[in-house]
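Common to both upcoming complexes is chain A, partnered first by chain B, then by chain C.
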Partner chain A sequence: MDPAVAGQYVLNGLMLGMIYAMVAVGFTLFFGVLDVIKFSHGDVVMAGAFTALATLGGLSAGGVVSAAVLVVAATAVAVAAMALLGALIARTLILPLRNAPSLNTLLITLMLGLALREAVRLFYPNGSNPKPFPRLLPADAWSAGGFSLRADSAILLVAGLSAIVAVHLIIHRTRLGLAIRAVAQDPETARVMGVNFEAVVMITFGIGSALAALAGVGDALYYNEINFGMGLWLGVIGFSAAVVGGLGSLYGAILGGFLFAALQTVGAIWFAVPAYKDVFAFGAVILLMAWKPTGLIAEKSAERV
Partner chain B sequence: MFRRALVLASLLLATLAADAKETVKIAFIGPLTGGVSANGLGGRNSADLAVRLRNADAGARYTYELTVLDDECKPNIGVQVATKAAADRKIVAGVTHYCSAVAMGTVDVYHRFGLPVIVWGAVLPDITYANDYKEIHRVNGTMINQNDVAAKFMVGLKYRKWAVIHDTTDYGKGHNKYFSEDIAKLGGTIVGTFGVSADQQDFNAELTKIKELKPEVIYFGGLTPIGVRIRSQMDKLGIKAVFQGTSGIVSDAFIEGLGPLAEGTLAFREGAPAEKLPGGKFFLEQYQKQGYSEGPEAYGAFAYAAANLIMDAIEKVGPDRRKVAAELRKTKNHQSIVGPVTFDDHGQNMVPLITKFVVQDGKWMVWEDSEYASGKRKLPRAP
Partner chain C sequence: MSATPGRSSLPVAVAGVAACAAACWAFLEAESQWVVAALAAGVLAALPVLDRTGLRARFDAAVHARRALAPALVVTAAFALALVLRDSHFALLMLASVALYVTVCLGLTLQFGFAGIANFAGAAFFGIGCYSAAILAANTALPHLLAVLAGGLAAAAVGSVLILPILRTRGHYAALVTIAFGILFRTFLEVNDVLGGPQGLKVPGMRILGWSFNDPPPLPGGVEASFYLNYVIVAVALAAGAFVLVKRIESSWIGLSFDAVRLDETAAAVCGIDIARWKILAFVLGNFLAGTAGAVYAMMSGFIAPNSFTFGDSLILVSIVILGGVGNPLGVIPAALLLLILPEKLQAIQEYRFLIYAVLVILILLYRPQGLLPRRLREYSAPGPRP
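Coming up: the complex of A and B.
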């Protein structure tokens, strides 16, 4: 294969992997801190993208034209709104069900995801149609042969990486992170040591959901289109990535995200009918799970999150 | 004596007229939610309009009621709601389905329950031609005619190299099959064929491969949502080929989804555009008057025509499923807003006309009226 074209495939895969990794990190955070699987996570990604779109609409109507201001403001609003939503979900749905069987949390978040999805479809103006998302990032492209790197892709890649690094730093370098890790390790002891358990859980869900919002906005800026169903698929893939990487491990989620994107890209190149690429990717995930049931980077209970 | 009889007769007539008319139910089934819901809602409104206008007509023998069901463009849901409609004995006939995959799944149900239906949007030939069910009719044409015209037209524009992307439903596979056959006959080449799933988000891998193959035209057999994604991602990868779609992307949602990028997209649809037909103007005016919140979209006129065909048949033979089916099958040169309708022995309307569309300045324009046809604007041409 022509190296330029190969490079293009790698770049495509990296972009996909970045979005998957950001979603997967959320799953892993929630599981790490509270041992719950929150299936509405994908729909929070979608809600984040729609919040950004609504903000953009409002700002444009208010006369803001600078693309940079629009991007930053819309992203900030989406991230803040989803962080609040995440904390709210933790407060009202996850924490009260903490002592119930984990199947209940799974079900209730599945239902919440459905409610979010349908709410956007029904109440967002014309929400059942795919929505164009404005092209706000510079579109300058650098190309060589079959390879082209666009400025917007590069910006999104760097932004995504920084976000993941930031989450990593919060968890490993701050007092808040220490509290999160303490709760993850042993909630009862953490409580005894004076950690505000409920606040830590809410903040963790806030962080995970903020990352989801960022993934949603990134996805929107990359594909320039959002729709109410986008979260469903991203949720399933993000979850699979987190599981295959090792649920509860931050590095595992990142690895899983990029791995899944790589599998999809390879599948699309290999098969005459690219529709089989998902079958291939999920099939590979099943094999990996059979080989390493706890994920590639298994969570050690002493250092989870 | 004679005078008395006359008085009696007129009295009798008066009481008859004062009697409430019998209510007859008709089903409408289409995708009211999901990615192609814009088309479904447009179809529903159009069928609803036909019913409202008929009910406002004092000369009608029955009062009509439209039972609206949502098939979500999913075959499994479609079979459920089709069964629901067919099992309801009060429903005499149905205006059914935009999505081919759904229509394919439901024809057996209608046959089993003997419910006469007229398909208003699905274009897969097999819906009418793969069975002998006397209940199944279709007002719109099939993808055979569509692709035949499309292939000749494109070759006429001197394009020779295509890459095909199609969704892997019956709809996309059918389009791929008929278009590829036609192009081969006309001496064009297809450099690559890519089957993709109907809800896919990312097409970068497929498009990177296509970029390497350097086609002049990307032919897309599928519906609006992924059509929007493919066109948009083509642009990101710097692919300059013409984007040629099928009737599945002739919708306002396609243009809304792409904005200026939609410019120069080609697509083909059976029937003349509503505003070009004498009855079509009336239809659009009445549609406006009812104040529906969604537009009629590309196939609304067909749903309207289908509902009228059914009501005409019921007016003639009464609300009886078997009689209505037989009456519909006899339809010949029936004047409708989509042109004269004649059903062949498979219940297929033999619409001779296929209209070519191109997007110009954010609107689906009939090719002949566009600045592309006059040479003022040019479609992209690969070096």
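Coming up: the complex of A and C.
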């Protein structure tokens, strides 16, 4: 293959992988603190993108024209709103079901995702149709041969990378992170040591959902289109990435995100019909699960009997 | 202890099923949206009352005491309903659909309620049954009864691909396997031109031994009826067969082994229970039931498309199982009735049906996690007569 074309594929794969990894990190954070899967996560991504779009609409109507201001403001509002939503979900749906079978939590969040999706479809103005998302990032391209790197791709890659690094630093370098890790390891002992369990859970869900909002805005800025169903797809892929990487592991989620993007890219190159790339990627996921049943980076904790 | 089963069990069970059937009739016949809404509110309000007064517990005990009672009553009620509503295409189509969904959900009960395998690809296995029946009925001279069987076998066979990953994974990891499969299946259907792509396939109507299902049934006395009555008969027979099978399995050693595997794999293995064997059996049998129901559904609806087998549809199936009470085969019947008929009748909420489903299931999980008819504990020292 022509190196320029190959480079283009790699770049696209990296972009996808970054978005998937951001979603997957959320899944892995939630699983870490409470051993639950919050399946509405993908729809929080979608809600984040729609919040950003609504904010943009409001700001434009208010007379703001600077693209930089618009992007920063919309992202900030989306991140803050989704962080609140995440904490609220933890408070009202996840914590009350703490002692129920884990499948109930999976189901309740699946249903919440469905509710969020339907709410946007029904109540967002003209929500059932795909919405154009304004192209706000500079589109100057740097090109060499057939390969071109657009400025917006570079900005999104750097922003995503810094967000993941920031989450990593919060988890591993701050007191809050220490509390999160303590709760992840052993909630009872963490409580005895004076950690406010419920607060930590809510903050963790807030952080994960903020990351989801970033992923949603990133996705919207990259594809310049959002729709109410985008979250289901991103959620399933993010979940697959987190599980394939190994639930509870931050690095596993990142690895899984990029791996899934790589699978899709390879599938897109191999098959003449592009849609087969997803058949290929999910088939590969099933095979990976058969080979490594607890993910590539297995959970460290011993089996609880 | 609750009410002792015995003399009083028959009238209680008959009254319970009859009340359910009457409610169904009222729903299906109601014309005005307000009447439907009032009925729905009445049913929901009746639930806690039935719980408080112990009537539900008595009904439970009654159907539990006599094994053959519940299926016999439900089948009788279904046919009575079908005869009363015989000239309404819509009502009979709904009844047949409910019976087919009940069959699929009984399969899921085997997998999820008994053996603890969460299957989030129920609609996919249903779809495999649909597509194989469609292809066989359109392109071969295979008798349609065998095509239905083939639909079940195809679903079981395709599902077998997942056995290895299902056995090796647990909990959330296992959930991913079925979710990935469901999505893979639907995407595959959409891009595969041989199977009609997104437009789907036409399916010929069912024909068994010269009895054409798409003609009005020859009722004695020249009574006219919708052709859907044929499908109601087949669908209810299928559901009843599945119900008896699932109940038999539950009360046998197999069911006990399933329970052990679900509740604690380690302990079950220590007791010498072959976990892999029982998980495979539950998974394959459940998919078989889903496939047979799908095959009948395809011939009944005459047209199938990938849009009917989405992840959302799989979720509806799982919600029926949860709403009915996980692991209680009888519970899926009222749950399926409620979740299928209500949105169809309330045209005003047709648009909102997924939202209402979602909120309903969330509320049930929060406030009544055991479902409408919770599963009973096994009793080995039950007093009273055994049939």
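We take it that the second predicted complex is superposed on the first by the 301 of 305 C-alpha atoms of A that agree within 3 Å, B and C clash if a C-alpha of one lies under 4 Å from a C-alpha of the other, contacts with A are read in each partner's own complex, and residues count from 1 in each chain.
Methods note: a contact is a pair of C-beta atoms (placed from the backbone, for glycine too) under 8 Å apart; a residue touches a chain by one contact, two chains touch by 3 or more.
For clarity, every value in this text was computed on a predicted model and none was experimentally measured.
Visitor: Looking at the overlay, does A:D278 come into contact with chain B only (first), chain C only (second), both, or neither?
Guide: In the superposition, A:D278 touches chain B and chain C alike.
Visitor: Counting only touches as set out at the top, which of chain B and chain C does A:V72 meet: first, second, both, neither?
Guide: Neither: A:V72 stays clear of chain B and chain C.
Visitor: Would you check which partner chain A:I269 touches, where first means chain B only, second means chain C only, and both and neither mean what they say?
Guide: first
Visitor: Touching A:V165, do we find chain B (first), chain C (second), both, or neither?
Guide: Neither partner.
Visitor: Does the superposition put A:T294 against chain B (first), chain C (second), both, or neither?
Guide: Touch status of A:T294: second partner only.
Visitor: Thinking of the overlay built on chain A, is A:P130 touched by chain B (first), by chain C (second), by both, or by neither?
Guide: The first partner, chain B, only.
Visitor: Which partner does A:M111 contact after superposing on A: first (chain B), second (chain C), both, neither?
Guide: second
Visitor: Under the stated touch criterion, which partner chain does A:G229 make contact with: chain B (first), chain C (second), both, or neither?
Guide: The first partner, chain B, only.
Visitor: If you lay the two complexes on top of each other, which residues of chain A touch chain B in one and chain C in the other?
Guide: Residues 273, 275, 278, which sit in both footprints.
Visitor: For chain A, which residues are in contact with chain C within the complex?
Guide: 31, 37, 93, 96-97, 100, 102-104, 106-108, 110-112, 114-115, 117-119, 122, 232, 236, 239-240, 243, 247, 273, 275-276, 278-279, 282-283, 285-287, 289-290, 293-295, 305
Visitor: Report the residues of chain A in contact with chain B in the complex, numbered from low to high.
Guide: Answer in residue numbers: 2, 5, 8-9, 12, 15-16, 121, 128-132, 141, 143, 146, 148, 150, 153, 223-225, 227, 229-230, 233, 264-265, 268-269, 272-275, 277-278.
Visitor: For the complex, which residues does chain B have touching chain A?
Guide: Touch list, chain B to chain A: 33-35, 37-38, 168, 193-197, 199-202, 204-206, 208-209, 211-212, 224-225, 228-229, 232-233, 236-238, 253, 256-259.
Visitor: Spell out the part of chain C that touches chain A in their complex, as residue ranges.
Guide: Within the complex, chain C contacts chain A at residues 112, 118, 162, 164-165, 168-173, 175-177, 179-181, 183-184, 187-188, 190-191, 266, 311-312, 315, 318-319, 322, 351-352, 354-355, 357-359, 361-362, 365-366, 369.
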